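Below, chain A partners chain B and then partners chain C, in two separate complexes.
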Partner chain A sequence: MTDETATSPAPSRRSLLAVGGAGLALGAAAAGGAVALTRDGGDDMQPAAESGGAVPFHGAHQAGIATPVQDRLHFAAFDVKTDDREAFVQLLKDWTKAAALMTEGRAVGEGAYGGLAEAPPDDTGEALGLKPSRLTLTIGFGPSLFDTYGKAFGIADARPEALVELPKFPGDNLDKARSGGDLCVQACADDPQVAVHAIRNLARIGFGKVAIRWSQLGFGKTSSTTPDAQTPRNLMGFKDGTRNIAGTETDRLAQHVWADGPSWMAGGSYLVARRIRMNIETWDRTSLQEQEDVFGRDKGEGAPVGKAKERDEPFLKAMKPTAHVRLAHPDANHGATILRRGYSFTDGTDGLGRLDAGLFFLAYMKDVRKGFIPVQRNLATDALNEYIQHVGSAVFAVPPGVRDGKDWWGRGLFERKDG
Partner chain B sequence: MTDETATSPAPSRRSLLAVGGAGLALGAAAAGGAVALTRDGGDDMQPAAESGGAVPFHGAHQAGIATPVQDRLHFAAFDVKTDDREAFVQLLKDWTKAAALMTEGRAVGEGAYGGLAEAPPDDTGEALGLKPSRLTLTIGFGPSLFDTYGKAFGIADARPEALVELPKFPGDNLDKARSGGDLCVQACADDPQVAVHAIRNLARIGFGKVAIRWSQLGFGKTSSTTPDAQTPRNLMGFKDGTRNIAGTETDRLAQHVWADGPSWMAGGSYLVARRIRMNIETWDRTSLQEQEDVFGRDKGEGAPVGKAKERDEPFLKAMKPTAHVRLAHPDANHGATILRRGYSFTDGTDGLGRLDAGLFFLAYMKDVRKGFIPVQRNLATDALNEYIQHVGSAVFAVPPGVRDGKDWWGRGLFERKDG
Partner chain C sequence: MRAVRLSVATAVATVAALTAVTGCTEKSDAKTGGSGAIKVTATDDSCEVSKTEFPAGHVELAVENKGSRVTEVEILFPDDRIVSERENIGPGTQHTLTAEVKSGDYRIACIPGMKGKGHRQDVKATGGKAVKRDPRLDEAVAAYRQYAQAQADETLSKVTTFTDAVREGDLAAAKKAYAPSRIGWERTEPVAESFGDIDPKVDVRADGLEEGQKWTGWHRLEKALWDDKKLGKAEKTLADQLDTDLKDWQQRVGKAEITPTSMANGAKELLDEVATGKVTGEEERYSHTDLVDFKANVEGAEKAYELLKPVASENDAALTKELDKQFAALDALLDKYREDKTSYDFTSYDKVGKADRKELSDGVNALAEPLSKLAAAVVSK
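What follows is the complex of A and B.
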């Protein structure tokens, strides 16, 4: 690939379609050319797609974990509606094919509107003309998939030990309708219409085999995985994710994020999703001093207590014992470190006129037992708990990446030789 | 203003704050320099703010109507919680001041975090460091403001005749909790965090005087007011708003959008908001032929039936008598024309696993009785009705623009000399 093709503008879905069937091969080549491909077999480096460009779908790890965080999220948890192993495997293959097309900025199905007028279109159409927008689609398998469908699907003995149900934490107020799920798909993109289109088309393809259990839109990333990027602010107005694992930190990713086993999970990861509602109105009437004490950082710059700059090393003992940063810090958790990839949400207003808003927390880790669980336990005395409430929860095993056009999501699980 | 300043990059909120009090004047100048100011007294031309830049708040008309449509929406309807005229007028003044600051990309309150540590911050902070993002804030007054608070506020005889409650239309399935409102604020911006921040801070400032009744986020504009811009697609996958009124069409705006009277409303407009849920799953299983018959346009190009190009003049009689385009066309409605400014929404999933998604329809018009009502009545036989349902509804009188730093939202209504 020459530098010329690597910096060519991203093709729009419109241009791919306009040239019809012959344009598909051309389109694929152009889409490949629109990104700087820096990911290969064992490399954790993520592609630095230009704005609007495509992130490669194939690789050792699924995209959407170490990938630089996109601006928008549509996350969906699915329930399985079939106990037919063959039908479910076919769905995973169909989904994989559709996901590869959509992440390239192409319509689902070949020819989009070249099909029969008597049949529903292969693609629902609302992303036609939009750019790939760095769309990533990341699949995960919930504990219930193994428990409920383990026997039917022949995967009962394959549930990873690291995939544990989360215990009940103090203060949890979980809504079952916003928790759990046999499967999940995380769609991230810089254009929300592209993310929504992707989830909708996967749901459409899965009709009769899976159904959406719950879904969540996120409009503002709250953590960055790009070193030196401006740290985003959460809806409490504080910078969030200052010390997050960067997508370029190969060693930290290997140590804290990529799963080791079982063998079908090697190169995968474990995902914890928590819908955290913020008591916005209460927070907004809290003094600046209290807000800064709660976090252990100052609000404007984001510097740890007693320090001048956001990225200065925190001195934990200078903070109140209940400060969020102090309790969540790896030094307070035997080194436990997770990769955060959460988004702010605002889902309108509740019945009392309060904004239904907060943080949809997403975190990837090597082992749920050594990542989220000990950290969340340590947050039992977090001063922040007065202003937040966990109202949704789910955990998923996120398999490794799809290697090439013949591989498919979960193939390692469904065609494994060992346990 | 030189061309140099007109094309200078938009200042970020961070840079404005970093220089402290002295930077405020500088910031205002820089913000003004970031946009090409083409709006003056009687001119309908809207500013062509660069991406991320500021749209001028002051002018003959409120921004956010003829302004080129931004990418994201946060719309809030408020109930009034006080019958103290003075308190309510003070709120309108406070809101106006805050709105002017936020649309310039500045924090609410002077100095943001320069205040007392013992007091809540003047600004909630989540937009610090973000650009103005073409934020517009547009206020409207609902019929209930005049009916319920008319006597207390001295505005009982000022309700415009054109501000009528909408009749019940066939197929309406309105949720009271998503309908009505004494006031509304439409926040549009290219960055959703900027729009959400604005509504939240207005709600915070209004605490005790107003409370949010309902709110709606929109993630994808479905109509353009910019000639020659790519026509956006709605969630049914069709181009929407092909023949919309453009912000540059001074004559059509004067004829169809800007209100004539009463005198306090001259230069204002009337807004109809409808939350239109789409039966996405049913639609997605409908044949392409049926979809195209329903709209009266082809799905890929958006051309009217029998024509080749999207912008070709529709030949209505070539369409089925129930085609949406045919029934909504001005020629089928005695010339009735409205300016559409709606957004797609996806609010997660309903209890049956279906996407709660559709179109949040916003339209501005000179007179509700001659705009939305006759058109919506004519749509009673619309084939589209099988796939959609109106579930929320509201109507507002949108006063003219705030002239300058001494003027405030609604001053014409509260300090009027005549009825």
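What follows is the complex of A and C.
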């Protein structure tokens, strides 16, 4: 699957100009045989930014989905606080402008210093001097945006069919204060301060129009969209994301990730976010054999049961019937495939001395009804359920990319002509 | 006799002015009129000055009272803030008054009988860095100064109702009078805080105490009323102390350094007070009367905003439109917690659930963020 990269078209001039050291990064990666490419877009392929560099904000798809996964996350879900359509649209425009600047490593508005002494600076300033750190900002619209504000915003009839509320899954113990949201912004960067700065500044711009409902910090990506030599591990110590869709796999992306209609969503995707708490302490007291049986892979190499190498094709029937990989595999779900982009989280302890830690699961898919829902249903008998609990949940429609400097997040939705 | 009163918070208080204090004796007739001095001749119905324009910097007024009544002479900013003053100038006597002034417009006032506004002369200090501002802003500052004074005056009687009840050991009456006694203070808190020494005496919470600092003031009494549920000798002493400290505030509030930007920033600070102390229920942790403080903070902020609005709306119409909207929204939200919109009987804050507190917090953020831009809107242009 990485062979495709050999025939990839040369990077466009724009991408070479946009990314410092891009040529070098491409050369090095090509030599390694596994190119980290960002943005599919056919003829619009771009090399991954070098560590610390900038990921282009504009494009056919929003960055932060198929682009290489960064090390850190700050995810925020917002409630809308206005029913003034004009004010909300202006917010989306203001956010887009700020996002474009921040992803380039630049300060918001007139910056963090040097302005009027009597006014607070436009930018909060904690990212001054830091590199762009491959910051990506990705916006999503929740079902409640259409339900609650559909009439006021003139988008009541534009809710995509694929944007469904998730059903109650067995074992769910969802905290309302960590679930839902009219909007979300996913900020990923290699530097946590850059990601936090981005959410903080967007929240500030949004005061009065939107308010943060909940947010989540994440570290240690748990899956990768670049088939690196090393697959990252989750907090249970297991490799996660071996079979994830790579950013270079344009066919699989088109088949499983990028949305079709309605037209304002074409090129967008659907995002499911789940805060999955791990019973870390009991897991750590579980025998190695049990741990490996629960997953269906070995802990060291990550090879499926009965196989030698991580990337060997798994033989599902060799695994226990309740093994996680067996139940989650596309073959067990009529081919249902999602692109995962999750992060580990640790929010201190829970007052009982237990780590409040786990996986902040983020997955992108073409249709929630055909992606996450059937897979999660199938996981009802998952042996892993003894060690995890889903405590937060949200779903969002993620519109396509911002095309250029005149375009803005959600423009297709708010200026659609086809209803 | 009172010596020259110096405004602690007035930036222009200087060594020169301090010399005037120490040099002032009972029958001061300090050498009037060095060569550079401005001669001020006060009569019962006039105030004549020898120069209406003089260089900024050290200024000396040589005052002669040719009237029949005791008079007072003041140098004032256009917004009526006192730069320097001299009281008790007897008929037929001469005194000097010194001050350090930046360039800009001022007034010299002679106040026969030491009551009222007296007779005034516009003067100008020139050279150096100019301090020029829209006269409407001076009016706003003067009006806000009056507001702050009125709040302090009103508060004093309400505090006495409270402290009397404490002294009488009447728990129920003291509880009832507690929150109302704080409203005027909460409305103008940034002004009071600008003095530095009063706030820690009257409004500190247990966790805000510095090592070795004795806990006095409203919240100490709040704990006695709601937590300890008893009033003893110590509380009576604390009540006396609260009266004394608040009288000090009332007497000094008119002298606070207030500028259009400090008014605007003070408004924002009031909302910050809400965001950090009230919305969490920390401020009134025993009485749970946080929403009364909350309302008072918003009212104080709104007052400052309304006074600055004529200028701010010219400079940034979009901002004032947004502020109008957010003030109205927050007021409407607060109204949900009281049945009578003219009373200060708000829902006890321990009865306000998590989701409702979040809504209040969002409302505060929605207002405070644009409010943080008011100062710039007042000075820009």
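Everything that follows uses one rule, which is that the second predicted complex is superposed on the first by the 367 of 419 C-alpha atoms of A that agree within 3 Å, B and C clash if a C-alpha of one lies under 4 Å from a C-alpha of the other, contacts with A are read in each partner's own complex, and residues count from 1 in each chain.
Following the convention adopted for this analysis, a contact is a pair of C-beta atoms (placed from the backbone, for glycine too) under 8 Å apart; a residue touches a chain by one contact, two chains touch by 3 or more.
Note that the structure is predicted; figures quoted are calculated from it, not measured.
**Q** On the A-aligned overlay, A:D347 touches which partner chain: chain B = first, chain C = second, or both, or neither?
**A** first
**Q** Once the shared chain is lined up, is A:G208 touching chain B (first), chain C (second), both, or neither of them?
**A** second
**Q** After the superposition on A, what does A:K366 contact: first (chain B), second (chain C), both or neither?
**A** Neither partner.
**Q** If we overlay the two complexes on their shared chain A, which of chain B and chain C does A:R106 touch? Say first, second, both or neither.
**A** neither
**Q** According to the stated criteria, A:L355 is in contact with first (chain B), second (chain C), both, or neither; which is it?
**A** After superposition on chain A, A:L355 lies in contact with chain B alone.
**Q** Please indicate which partner A:P121 is in contact with in the superposed arrangement: first for chain B, second for chain C, both, or neither.
**A** A:P121: touches chain B, not chain C.
**Q** Is the number of chain A residues in contact higher for chain B or for chain C?
**A** Touching more residues of chain A than the other partner does is B.
**Q** Let me check the overlay on chain A: which residues of chain A are in contact with chain B and also with chain C?
**A** Comparing the two interfaces on chain A, one with chain B and one with chain C, the shared residues are 79, 116, 118-120, 177, 204, 207, 211.
**Q** Can you name the residues of chain C that touch chain A in the complex?
**A** 261, 264, 322, 326, 354, 358, 361-362, 365-370, 372-373, 375-376, 378-380
**Q** Which residues of chain B touch chain A once you look at their complex with the stated criterion?
**A** 17, 72, 74, 76, 79, 112-113, 115-121, 123-129, 177, 192-193, 196, 200, 203-204, 207, 211-217, 219-220, 230, 233-238, 280-281, 284-289, 291-292, 299-300, 344, 346-349, 351, 353-355, 357
**Q** Which of the residues in chain A end up touching chain C in this complex?
**A** So the residues of chain A touching chain C come out as 79, 81, 116, 118-120, 177, 204, 207-209, 211.
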